[in-house]
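Notes follow once the structure below has been shown.
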């Protein structure tokens, strides 16, 4: 079966891939922290949080303009308007931006604005979207599906690499299990597994994995200790008023605290942060 | 939460929805059997199996032209050519046809050919696709996602109904569990659950649920006994040479046998078949 | 791996095993219905329900005297007193009785009273208990563990058969999955799987599988249609006041209705009921 | 529901419990490493590995004398003979010992030898055993069940505490999910969850969680980073010839390497090791 993901397989490549998102390298010695709100709500919100995160040391700004929502009646994002605010935040702070694409028809538009394309869990096996992302020249953040095996995740990456785009970052974000105490179950083993199977960088999203902001800190440390190349963290100026996923968002203060506590863990496993 | 799927909810509609696919009604007294190969391989194959299935009493012909495949190197389907063969099979037999759509960009093309649009498990939360399907005037077969809760399945249907299209058929096809003896675990409880929560017809795909042709027969009977409105069955003239899912495909002979054994079960629960 | 359960394996035995519990045969042409309250509460309760169930046509009376309860503060059963009431109910009605054993130290006592020993889900891999049960001359009802694979279930049976006791009935009662709409997920495929792998009779407990009395009826029919040899059903004179599992218990009236609706389904698959 | 585990609940106790196993404290500042073979095979084996582990800095010696084995034909342990060798290893090295109990009838015997009683995953809801363990004066290592929710795990601990024994150590050892790349899925979130809900120490068994020795190192680091109070690690002088679980056992050399790499991680989160 492993031969099925021949371009993604570690054994078929001499060096691990370092993905370059503007001036940020993912997969090298340095840990990379992507942070920001779940969804872009207003221009002010995104500019404010971007400036705060930049000052604290985040590397890449995240924010959704097209949002996959379980209910058709939930806030679906600002679409192009949201992309414009994200781009403006990049101008302001110099941080590269990452945002999600959900539809092949939006890919061209999103590529005009974003530095890194996110393919979310619910689209990990949207093969048309994977194939199109493989034809762009943008790096891709590929989240593991809610119940995708590690094998299927590798094969989803293979769809992108097969198109000629090897700038793929894998992102573990929790899987669906019987446990209801957390939103999902962070599969910490997926980090060493993915790094053994493939040459691609692996990051972790502890916010979605747990669904509870209090657990983001210990899980982020665990991810780094287990060998992750970076983190994707939800931060909101006022989580209680967030339009999406407030319960799992850190306040800026808690985010600053997290970064400080991460540093010694990163050093303990030979990484810079 | 139930108010989230207000158009789909049983309590908000006086009668159960009967979906009409050409002259076939799904959700009425009569059981409906959709059958055919996983994927359209050649013109001869599809015309041959269509004629056989028609003679045996199948109601709708299934066959994939655009196939979601875990690996980018697996056979991906014949695309429009496959749709043409399916349409030709309909001319030949009079059976309506159902085929899968995976990409919003293909929807218009597929609607030109098909009578019933299938949205597969991997796209159950492809919200862009759901929304577009809601804007067509074709009935939609919505498969439950691999690890979708029944609640999420209802909300996926709601995306389609919210667009103005209430011709939706729900299809249970097995969920992902720890058990490896079967490909998936058929959630037989999802049938009474979906019929209690919504007014939409519910069918079952025992072929994908089990992954083993020997189990299709007992699971099909169980589905009917539990109240399903129909079945989706993979049948192939020569399963051993099938390009996709041969292990779970019935031979025509076994399919005929299944239909015969289903009849008394259907009658036992007050259905015609 | 299959050779691991050589005594349980179908291929190593010429005929399917018919388990005899007093004058009731399980695994033959006739369906067997075991019914009764989750737990013996009072003498009056058990004598009343036993008489009702007997009149309705149930074959075996169930009732717990030693109860596995998730919380140490929940009602744990009447112990020997409960066994006495069960035995009295047998005298009154002629129905054999089945009750659960949880501790090797209780086995001798329980064997003095019961006709059929139940080993519950939480003890499916209590290997000491399995081994002791294999040394008794009582038939054993072995429930599948909450997250036991079918393979592990076969091997648990093998522990009993290896002790010299081949009077084992397998009982599918739902497995643990991500779905929260039902208490567990009834693995309907486990019926044909267990019957293909082993020569032992297989029954189904739809009450525990679903946790909702409204679903017991469709799931019971599905189980019979899929080939089960019998059912284990919770019935309580007054479910709302039950000390345990009231939400999944049928009233006598609903139980009578179930038996009536089961009859044609049983006949449809060539069984008597 | 939380009130159900009132003795276990953190909110009902002023300080976290530190469990004392002879002169080793679990739940204090220092990390505790329990190590040894899955099963005691011979006197020589256990004395040799004990001396090696002691020299390397392990704190407690593990080794099974009564083993829960999925198959009745697998090696079941040396029983009392194995306990004697474990006790001899304690004399030799001064390390306290931990071994598993599976049957209430063996508890007295095991308590004569062991310093810490292990209740394994398959017995987490063996309520008779939990209750008896609560009546001993030995500390108890309570492993989480294969598919036990965190809530059920707390309630299992409550059974022990309700008997008067508050010397309980919780052990996360992986849960059962759909993923087959690892033997189980280590639920890293269970560490902060258990520490938030209860006052009991929490350790992690990365060997059983992953089933692969190569992953023990990153998972052990992750566990410590997430706040675990210790580890339970399988070490075997010659894993390839182990009678049980060789694939997940470290060689002494890899174990020494693990301890060395753990030290900076422990310090990074404010723990001694």
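For reference, chains read A, B, C and D in written order, and residue numbers begin at 1 within each chain.
Please note the rule applied: a residue touches a chain if its C-beta (ideal position, glycine included) is under 8 Å from a C-beta of that chain, and two chains touch if they have at least 3 such contacts.
Fair warning: this is a prediction, and the values are worked out from it, not measured in the lab.
**Q** Report which of B-C and A-B is connected by more C-beta pairs in contact.
**A** Spelling it out, more C-beta pairs touch across B-C than across the other pair.
**Q** Greatest Cα-centroid separation from chain D: which chain?
**A** Of all the other chains, the one whose centre lies farthest from chain D is B.
**Q** Find the geometric centre of each of chain A and chain C from their Cα atoms only, then give the gap between the two centres in Å, rounded to an integer.
**A** Centres of chain A and chain C (C-alpha means) sit 48 Å apart.
**Q** I'd like to verify one number: the distance from the centre of chain A to the centre of chain B, where each centre is the average of its C-alpha atoms, in whole angstrom.
**A** 34
**Q** How big is the gap, in whole Å, between where the Cα atoms of chain B centre and where those of chain C centre?
**A** 35
**Q** Identify all positions of chain C at which a residue touches two or more other chains, and write them in rising order.
**A** 147, 176-178, 180
**Q** Touching residues of chain C toward chain B in the complex: what are they?
**A** Residues of chain C touching chain B: 147, 149-151, 175, 177-182, 185-189, 191-193, 196, 209-210, 214-215, 218-219, 221-227, 261, 264-265, 267-269.
**Q** Residue numbers of chain B touching chain D in their complex, please.
**A** 147, 176-178, 180
**Q** Inside the complex, what are the residues of chain D that reach chain C?
**A** Contact set of chain D toward chain C: 4-5, 68-73, 102-106, 122-123, 125-129, 131, 146-147, 152, 155, 158-159, 162, 176.
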